[in-house]
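There are two complexes below, and they share chain A, which is joined by chain B in the first and by chain C in the second.
For the complex of A and B:
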């Protein structure tokens, strides 16, 4: 698509903003990872690959792996719970939609950290959830609900669910529900119609959900810090430790760069793939 | 023999609104059957009951002797062409058409073969890889028809399929629909509020009004022998004159006393007796208009009036003729080149006349909704 000169001029302010406040700081962080660390927490003189070499520390692959699967699982669960909610809301009367929206936004009236501490209280060995599960015979009295990856996953899904429902709902609201009738008419069961027509129909919402759940979760550190334990750290915790405890900024920068690469690689791949597919189907959409 | 498709006393209300009054209809195999009626008369509701999207309050839907009333849409051998096409925007034309076969989990080779055959049928092979948002309205229409036909339904439902197209395209698509119907031979149930479409396309028409089927019959019967005042009014233009039977002349004719026009002769197809009150419907083109009183041996009805309006349309002229307080609509076909005759003008006194067989008597009665029997 050829953009007219006018359109380019219109996007100059936002491009300048991104350049000054996003791209340049990112590059600075990236550059810092190639500097030696100063003795008192500063950044030393000269250039070195020492920090990047130290990333081969065997504890890192496990942490990166855990970060990735927790982020992926959170995204999948948020979409799995968010899709039916979005579907149901889009079919409700406007009055009920607004009530539902209010309910979904309601948790934001309480501070994020307070809500996570509330989970810690609930999951605590003397907490409500643990007690109820034990009473129902669903949990062993010695079972540990806190300080592990499952606790982190639970609270991550809890925290990010509204962020998945809202974009999915926005997409579902624009969805033409006649298409579901058409699919049913052509022989699809309710479930098949949902997956073969509704899910592709809200794909824009799915992409947004992926971007605003998966990427922030990759960098999350408060939740694993509060409900996780030493054996369930995520990469965000490591970055925080390097900055606040070790005062080793180059090391923290290198970890941040790794995180950024993890995010960017699939995004760029997706972009390239889309381009390529767009060209392959060529004539179809007027590009 | 049992009917091919049968609606048995179907009814449906939305709250206090009776959208479909108890209705019975039968469709014959391979026919094009139209539901014709003004907006809001319940056509779509009836169609969606057949498709399985609305459950009727009472009655049943029988297809080839099988009761489908409680079957969901995906278990009915009935497919629909939706009013706004409802093509899947994320699929190509080819995949849209193949959708039904995919859902039926047909073998791959069959899907490919049938889909290509459908693309040929609707002459869209060149557009098969496009998406619905990059083809024209008429093309979308054809794709929607192909998509609905690919599972070889017993019945194809079409809900105002041409409503979104412009006049020229509508006429073209009407021919296209007839061609497709001739090739596949599927029974079509065609919903429209356009009488021209219904008359041109259908083998039979059901005229609906306020949730009731007022008349079922072939287009000519609906036009020439309307069963109710509503049908006469809704289909084409007509003049409806109220009156009572004065006397029977013989077994075929009777004399009517029209409230505003005096006595006239009418064909007594209903075996009426003196004293019965009727509406006489006379189509504008059945009248003859002339300056001189037409010579007749008393077998032609004549009325004197004055032209208050006329519209020359080339092939024909439409007149509005005042007779006392009433205005009659008259339409004359120009059979011969008339430049050498002096045309009738505004404010001229004229005679209008018609043959007794050309007036059709309508009784004021509440016929049962749908077909008799």
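For the complex of A and C:
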């Protein structure tokens, strides 16, 4: 646990960076949420709890709940789709692994916003996907594929899937696949071996995936703005509305603070879990 | 969102081009305007005549522009806010007064507009640039039995194929007009009734859209959209699509005016004054109107503008229809009632 002086000096620049550009601005945002708002969008004098009290307004729990379930569902689906891919890639020859990695990174060559707008074309009411679904009898001709929470979920999973595959693959690559053969020798079914041996074996990757999918999705703004409908706002959209339309900075700050608290919770949970796991498997080695 | 990014890109590209091409010693005029709002040749004419360079930066909402200025953005010489926003900027001491002696073309400004509609009637801190209306555009071939009324948003057969603007004053304003109230009302009960009506409309619309509706109606994704007059006419013109029709709803509609103002911290007030004056040269105003399909309140320009444009009642709104239009005005602290009503609309199932 003891750090040498050299280590301390090395971490000073990054600590100073975080302090000046992250922690202090965060505290300022918290502070502004306790100030009254001026008539023309300024920040008023004095202090008030009014903004925080107004967060009990019934519209917020609905938005917070929608943000949470969309983020959780995105994370679960990304892991569900990412795990088999990571498993398959880890068993491929190195040449194929590299080709697959390239394919997974390929979407990033196109701008994020352009890819979201492409979904609007794909899901157009006269578009190909809709026509196929109607032909197959899976969708009503008047059904709307866009502008609802399901469209948001679809595009969120699409956007974040590469971020789940990469850490899962990194973990699966280190996994000793002989363990699966051992499990099979001892009578476990394929499925049982996958879930009881492989999945726990890549748990570090699962935790990373959870952190790098769940937390950014919580703050989504562009995706619900572009493919979401009149009843699918997320917290990010509300914050943007408060800043750009209502010009109510204290209110935007309070919402940002709520978002920060929601983000901190899984982060802390992740840290605690990691430490607990480190203690359990690492034989008391300090994390 | 898309518009913001595109504006930033376009702004920086334009700034970059102007920076490379022009002579470095020429004075520079920094203009902050809405996108696609000024005929490109007007810039060239001004640069030639006054021996300067014009650099254009764009914004897509009054609030975003104001937020940027409040956050410390400076260096602009002419800005184009809507009248209600210009009023707020003046209240906040952000504007330089208008010197009428330096702008002889101001005599061309439509006196009846100033008298009846304008917020800044004396042009003390702003000069009007263009006015337009907010109405409904629809696809004639896709909507049977269309009636020019806001009640179209109650039609369940069009569910999912209509949009409203993502703008609380415009949308609640449309509902207020439908109910026969003023769209500047501060009566809590009237605003609550309007919000209830919008909640009914909301069940039938695909989404609240400020920019995407243009592409949406062009690609037949949407059949009915709430939009700005000139924007819709630019879509019709660019796509040569006569199936799209713009109407002014019979219950009433909002009219608005974008003004030209000089920020107090401008470094080049003389050139800014020349620029504003130039915009009210009848020939220049004509070029702009024929480009953007809005109306420059300039009596001398009315005489020279294209006859076809002048005959279009959705552009040059005849007097008997003008009474149905109402301008969105600043309402100070009462805005909070609208914010709360709008929150209720957004949260409603």
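The working rule: the second predicted complex is superposed on the first by the 257 of 287 C-alpha atoms of A that agree within 3 Å, B and C clash if a C-alpha of one lies under 4 Å from a C-alpha of the other, contacts with A are read in each partner's own complex, and residues count from 1 in each chain.
In this text, contacts are C-beta pairs under 8 Å (C-beta built on N, C-alpha and C of every residue); 3 or more make two chains touch, one makes a residue touch a chain.
In this text, all values refer to a predicted model and were calculated from it rather than measured experimentally.
Undergrad: Compare chain B and chain C by how many residues of chain A each one touches, and report the one with more.
TA: Looking at chain B versus chain C, the one contacting more residues of chain A is C.
Undergrad: Which of the two partners, first being chain B and second being chain C, lies in contact with A:189: first, second, both, or neither?
TA: After superposition on chain A, A:189 lies in contact with chain B alone.
Undergrad: Under the stated touch criterion, which partner chain does A:201 make contact with: chain B (first), chain C (second), both, or neither?
TA: Only chain B is touched by A:201; chain C is not.
Undergrad: Touching A:36 in the superposition: chain B (first), chain C (second), both, neither?
TA: So A:36 meets neither chain B nor chain C here.
Undergrad: Counting only touches as set out at the top, which of chain B and chain C does A:216 meet: first, second, both, neither?
TA: neither
Undergrad: Does chain B (first) or chain C (second) touch A:230, or do both, or does neither?
TA: After superposition on chain A, A:230 lies in contact with chain C alone.
Undergrad: Across the two complexes, find the residues of chain A that touch chain B and also touch chain C.
TA: On chain A, the chain B and chain C contacts do not overlap at all.
Undergrad: Across the complex, what residues on chain A touch chain B?
TA: It is residues 176, 178-179, 181-189, 192, 196-197, 200-201, 203, 281, 283-286 of chain A that touch chain B.
Undergrad: Along chain C, where are the residues that touch chain A in the complex?
TA: The touching residues are 1-2, 5, 61, 63-64, 66-67, 70, 88, 91-92, 159-161, 167-168, 202, 205-208, 212, 219-221, 332-333, 339, 343-344, 346-349.
Undergrad: Which bits of chain A are touching chain C when the two form their complex?
TA: 39-42, 57-59, 62-63, 113, 117, 120, 124-126, 142, 144, 146-147, 221-222, 225-226, 228-231, 233, 243-248
Undergrad: Name, in rising order, each residue of chain B that touches chain A in their complex.
TA: 51-53, 72-74, 78-80, 82, 84, 86-90, 92, 99-100, 103-104, 129-131, 133-134, 147-148, 151
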